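Next come two complexes built around chain A: one with chain B, the other with chain C.
And then the complex of A and B:
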């Protein structure tokens, strides 16, 4: 699934490790989500949306 | 734009993540050391003619106390530690682990009948429990590495 995580992270000048820390997941998890190789679980998708103060569908798009 | 809350001091999430990763690394090294200990104890104190690696493990003979110790260590290494690590795993690590476990499962369900058939044809020695165990573990490791590379 495509997503805007990398762009959102870059806008805040966060490293993958910093974002991983904020989400309480491994850096590898952030990398896998950003590259579209791993789809986050629903709870993690909600955590990501809350962190960026956005709705899930504004970050993740299965039609992109 | 840098978040002023980050700086050089890690936030609570990062600190928790680092702590969890430290524990996972320590746990893995401890499990590897325990597994090595099991191998050493089994090989050094074996009073019979058995060999865990060559298949005649049923000829192993250990003192009852040592047998119980090795059984307890095996439960720790092959059951408690993996369960603890799974409980601490995040989304991504769970997906990688799922691929690894699936690889181990298919290797055994396919590997045993293949081995048995090849034995019946006179190609290989008869199947034995440690061999099947080793197939599962090697397949899990290979599947884990494949998943880390692909995902």
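And then the complex of A and C:
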């Protein structure tokens, strides 16, 4: 699934480790989500959406 | 900020990956050791490191959902090998019936060969190492495939 996580992270000038710490996951998990190799669970998707103050569908797109 | 003992941070979660790669090395070493037979001390270290993955699956609290997905792939590979092993046991056990009949008619060569194969397949250490190696092979394969695909996308 495509997503805007990398762009959103870059806009805030956060490293992958920093974002991972805020989301309570590993840096490897952030990397896998950014590259579309891992689709986050619903709870994690909500945490990501809340962190960026956006809706889930504004970050993740299953039609891209 | 309130003090939270035993809080699992990003570093602890990332370290889990390092621990598992150490375990992959232990599994490979133990498998090689079946054939070359190395020092007992090294074997003990390898067995200990191999335990990391299965114990992480059973009791781990530091694994995030991505690591769990990799471990799940490892479990699928291990399950596949276990399935093949059990089918092999079935065939060997079925073969015993045929062997016994054949043994009654022919010489003992086939019987001895069948017993040799069965002895290897029934060796608990061999089976444990093979299953653990399959587990780590699945884990490593999925991890490497993710890295490879990601590098191709960029």
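Note that in this section the second predicted complex is superposed on the first by the 64 of 64 C-alpha atoms of A that agree within 3 Å, B and C clash if a C-alpha of one lies under 4 Å from a C-alpha of the other, contacts with A are read in each partner's own complex, and residues count from 1 in each chain.
The criterion applied here is as follows: a contact is a pair of C-beta atoms (placed from the backbone, for glycine too) under 8 Å apart; a residue touches a chain by one contact, two chains touch by 3 or more.
Keep in mind that what you see is a predicted model, and the values were worked out from it rather than measured.
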item: Which superposed partner A:36 touches (first chain B, second chain C, both, neither); value: second
item: First (chain B), second (chain C), both or neither touched by A:13; value: first
item: Chain B and chain C contact sites that coincide on chain A, given as residue numbers; value: 17, 20-21, 24-26, 28-29, 32-33, 37-38, 40-41, 44
item: Sites on chain A touched by chain B in the complex; value: 11-14, 17-18, 20-26, 28-29, 32-33, 37-38, 40-41, 44
item: Touching residues (chain side chain B, partner chain A) in the complex; value: 1-3, 6, 10-11, 13-18, 21, 90-93, 95, 148, 150-151
item: Residues of chain C touching chain A in the complex; value: 8-10, 13-14, 16-17, 64-67, 69, 146, 149-150, 153-154
item: Contact set on chain A toward chain C in their complex; value: 17, 20-21, 24-29, 31-33, 35-38, 40-41, 44
